[in-house]
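I have a structure I would like to understand better, so I am pasting it below and will then ask my questions one at a time.
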Amino acid sequence: MSEIRTFPDFLKRSSIVLGVSVLFIIIIFGALIYTIPAVSNFKDVLLELIGINSLFFKIAVFPGYTWAALIATEIIWFERKFIAKMQLRVGPLYAGMVGGILQPIADVIKLVFKEMISPSKSDKLIFYSVPLLSSAIGASLLAVLPVSDGWLIMRSDVSMLIVFAVIGFVPISVLLAGWASNSKFPFIGALRGLHQMIAFEISMLIAALSVVILSGSLDLVNIVQAQSRIWFIVLMPIGAIVFFITLLAELERIPFDLPHAESEIVMGHQTEYSSMAFGSIQLGTYIRFYALSGIFTTLFLGGWYGPQFLPAGFEIINQIEWFTLKTLLVMVFIIILRGVNPRFRLDLLLKFGWSRLLILAFLNLFIAIFILQMGWFPFTGGI
Amino acid sequence: MSELTVTVGPQHPGSGHFALIVKLDGDKIVEVIPDPGYVHRGDEKVSENKNYIQNIPHFERPAILDASNMLFPYVHAVEDLMKLEVPVRGQYIRVIMAELNRIISHLYYFAIYGIFVGHSTMFMWPVADREHFIDLAQMISGQRVGFAFLLPGGVRNDIPEAVKERANEACNYFEKRLIEYERIFMNNPIFEKRAKGMGILSKEDAIKLGVVGPTLRASGIKSDIRKDEPYAVYDKLDFEIPVSKDGDSWARAWIHIEEMRQSMSIIKQALKDIPSGPVKLNLRGQVRPPPGETFTRAESSRGAVSFYLISNGGMTPYRLRMITPSFRNLRAISHITKGLLLADLPPAFWSLDYWPVEADR
Amino acid sequence: MNYVFKLFSAIISGIKHLFMRRLTFRYPNQKLKFHGDGYQYDPKEGVGISGYRGRHILYLEKCTGCSLCFMMCKGISQAIQMIDLPNIQVPVNKKSSFPQIDYAKCVYCGFCVDACPFKALFETNEYEMVSYDRESLLFTPEQLAIKPKYKGTYEIKYGKRGAYHG
Amino acid sequence: MSETPKIKHEPPKREKKIADNITVKLRKDILEIEIKPKRIKVKVKPESIKKAANFFKNKLNIDHVASVSGIDYPNDNEIEIVYHTGTYKHKDLSDLVIALAFRISRETPKTPSLTEIWPSTEFDERETYEMLGVIFEGHPKLEKLFLPEDWDDIPPLRKDFKNPRR
């Protein structure tokens, strides 16, 4: 009898490796923070670098990458659990105490320890740069996401333009993935993705443009402030619907998941990716999912505004809470749509995108201009 | 423009155990040539080496989801040659098993349909709801999939008493579920867009190609062996045959939904009307028909399945021809997919409920 | 507008299922309840007694070694082999020939039970016979003679919030 | 059918009428005609098969073929081909299956293809071709359907084909 290498054994070994490395990092950081205070000057520098008010903290922890990655991984768990409930099954169950809540982390561990395979004739440089690009696109959207009044990574006069500039990179990353894989299914998937995103991006821009017209600013913070009395979804429901549908297409979610339709083209542009390369593409997709839901909240659902239920002095936390809650609700709704809908077909989708959504988007633009010209919306340019 | 040839299957997520050689003009299908035979096991030849009882588990295998319906014409053929009169209770139990099988098979159809159009919920629900009927079939026959339940002269065993109540409960529950199926899948606008007007098989073509079952009825021909040539006790039961005039993929799926409703009604009636008495003739020893030949038919969940049995009085059949519905519906695949887009190929050919193992035999 | 209404009703249907009970059967923790002690056959009447068709049970003291089950299985799955076990002395079985069943081949059709005229071979409720190699699936007559202890208590129940295993 | 074969002693009237109709029109070509409830088997001369098929299609409203079966009779040195036909258009005859049978020589099994008359015979004739080696002249695509492309043994459904594994 040969030795059978069972899975738990393998898992044990890999978790030991991971645990040791995490412990190592903690020790080093702890040492940095607590053993050097003798040099008081250095401590101040360090606090400025990793303190709660520093830019580094904002970018790296909250509301930046760590927070988004946490939400992304847990939304994967939530999606699986939620869809499972809708489909009368249990979903992840055994990892973690409550309903398999640690399943995404187990998945990440599994992906990290898998072999990275690339097709023999692929363009290695591009092939491996796509996962990075995918994560980077998601992460850079977070930079301008206004989670609250006084707590955001950066404020820019043209933050809306930044958002769309970054989203414009998504089709490129998809095409690069398909091209570099040098394989049939990824390439077809990439072309499909390209078609779809270009068809929907214009409608998306025009729907967002009407928001800009009403609020009179390209600054996302100003846009939110313009909604302090009334949300834009009430004023422009058509625009909100158009933006939401284009959002789905941009995120490649059902019913617009053509770029990686399993029964047709296996996994689309992600077919040839394995291990953490696949993992980081997925992570990037889910961070983008969070970020774009956040953009939808910002543009149409009044961003951080909501009734104050925490005592005075905690306004920022209250705002963050409302923003997160609204964003999560948008995400849940997108997940519900995944549960109840089949997939579109490419020609139907293009027809829908170019002939219906574009018209609706323009209609919405006219409505916005009309509202503005009649003087019914007094909050233009923020408060 | 040059033609592109793509082979879909047998290792493609959107095909079964068979290949489709697709000739494409851009994204448009010019011609589809089905290439079956990957799961051919020579059932007709193999059956000549087995006696009439040993053939029973073997003849279920081509359509294991539809086991009882596949055996129906076979046991009829043997009984016809041996001139046997099957007890009425046995006939009722046969009908119950056949209708349970029809529901199980139709639910599987919806599960795969859901996968092919990317509807994950429509994959999970039918698989979950099949459990009720598989459980009932297991209570009756003692097996969950390959029942081997019908025998020449009756059925293997009597049904336990508990089945009656459970079956009624399951049918009542599932009738409510079917409404949800219609809401989430059949009437979903995206599915309607993808299925309505797709893969049309006109009435004339359906007759010309000699297709059977739901495919035929979706094209507007009211033909069902259960009504045309009532076997077992189908003439004593009250049920309808759903017919649609559209002949498209959606109509074929709709026929499946309605047939499940009718099957449940049949099960309920049969359990109510079932008389007491023996379930099987005691044949005492080997089943051995006298020389002769017979051609018997039954309506399986995919259509008419026929057996042409020629006996020379020996222990084994002299020649046994098995005509399965999928083999007859195979003729329609190249017909309905002409002019569609490649993305529509898997949902379009699956709407025929094509089952490669059954077609290859 | 009709489309919107239909889409909306689909979404409502999906949300409704969030409040229904899950049907999933958690197998290793829960086990299905079968009625009866497995499939049996009454050779006098020629009719079976309904029950689950799982692993066989062989009553060594009744088996005559007639090999009818072997003859039947030869044309179905060739799972049964007759083997001689001289250490088991049964008065009706002079040659000490007993069936041995290979569960890697068995299709659980139960025709061997129908073929046995002495009520020596029945089927039981046990179905858990997983192993790493094929040799462990080869059940010798002594192994077949052991009465399995299968205990399952779960079955499908129909409640207000849908069906569940309870 | 199996239900009540004992009661019906004489051939049923409707089938008798159809059979008489066939006999009158195809008197010269028919060798034998068998009548059973809901089943008629017409045996014709091999050279007049096309004529009979045309008559079936045009006069009897037979619109499809359920199956094409080939039966090998090595003792008579003949192969029998049976076309089981039926009708969908004619509601009264929907339970009737009319079999059109003829025998051809085993050494040179050649017969005209009926795909022009009934397009539904295409795959069945291909199957009969590969399984029994019957050549259907005029068939649009007489190639292997189920068997492997490199099959070089005799057609498997012939009686003298022996399974090499047994």
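Chains here go by letter, A, B, C and D, matching the order in which they are written, and residues are numbered from 1 within each.
By our rule, contacts are C-beta pairs under 8 Å (C-beta built on N, C-alpha and C of every residue); 3 or more make two chains touch, one makes a residue touch a chain.
Not measured: the values here are computed from a predicted model.
S.K.: Which contact partners do subunit A and subunit C have in common?
M.R.: Where subunit A and subunit C share a partner, that partner set is B.
S.K.: Of the chains present, which has its C-alpha mean closest to the combined C-alpha mean?
M.R.: When every chain is reduced to its C-alpha mean, the one closest to the whole-protein mean is B.
S.K.: Name the chain pair with more contacting C-beta pairs, choosing from A-B and B-D.
M.R.: B-D
S.K.: Tell me which chain's centre, taken as the mean of its C-alpha atoms, is farthest from subunit A.
M.R.: Greatest centre separation from subunit A goes to chain D.
S.K.: So how far apart, in whole Å, are subunit C and subunit D when each is placed at the average of its C-alpha atoms?
M.R.: So the centre of subunit C lies 43 Å away from the centre of subunit D.
S.K.: Averaged over CA atoms, how far is the centre of subunit B from the centre of subunit C? Could you give it in whole Å?
M.R.: Going by mean C-alpha positions, subunit B sits 25 Å from subunit C.
S.K.: Indicate the residues of subunit B shared as contacts by at least two other chains.
M.R.: In subunit B, the residues touching two or more other chains are 49, 121, 128, 184, 188, 190.
S.K.: Hunt down the residues of subunit C that sit against at least two other chains at once, touch-wise.
M.R.: 7, 10, 13-14, 17, 23-24, 162
S.K.: Pull out every residue in subunit A that's touching 2 or more other chains.
M.R.: Subunit A, residues with two or more chain partners: 86-89, 339-341.
S.K.: What chain-chain pairs meet the touch criterion?
M.R.: Going through each pair of chains, those in contact are A-B, A-C, B-C, B-D.
S.K.: Contact residues on subunit A for subunit C in the complex?
M.R.: 4, 82, 84-90, 93, 336-337, 339-341
S.K.: Under the touch definition given earlier, write down the residues of subunit B that touch subunit A in their complex.
M.R.: Interface residues on the subunit B side: 13-14, 27, 114-122, 124-125, 128, 184-185, 188, 190-191, 193-194, 341, 343-344, 346.
S.K.: In their shared complex, at which residues does subunit A touch subunit B?
M.R.: 83, 86-89, 254-255, 257, 261-264, 266, 338-348
S.K.: Please output the residues of subunit C touching subunit B within their complex, sorted ascending.
M.R.: Listed in rising order, the residues are 3, 6-7, 9-10, 12-14, 16-17, 23-25, 34-36, 38-39, 45-53, 72, 75-77, 107-111, 114, 123, 155-156, 158, 162-163.
S.K.: Quick check on the complex: what are the subunit B residues that touch subunit D?
M.R.: It comes out as residues 36-37, 40, 42, 44-45, 49, 76, 79-80, 83-86, 206-210, 216, 221, 223, 228-229, 231, 294-297, 304, 306, 308, 310, 318-319, 321, 323, 327-328, 330-331, 360-361.
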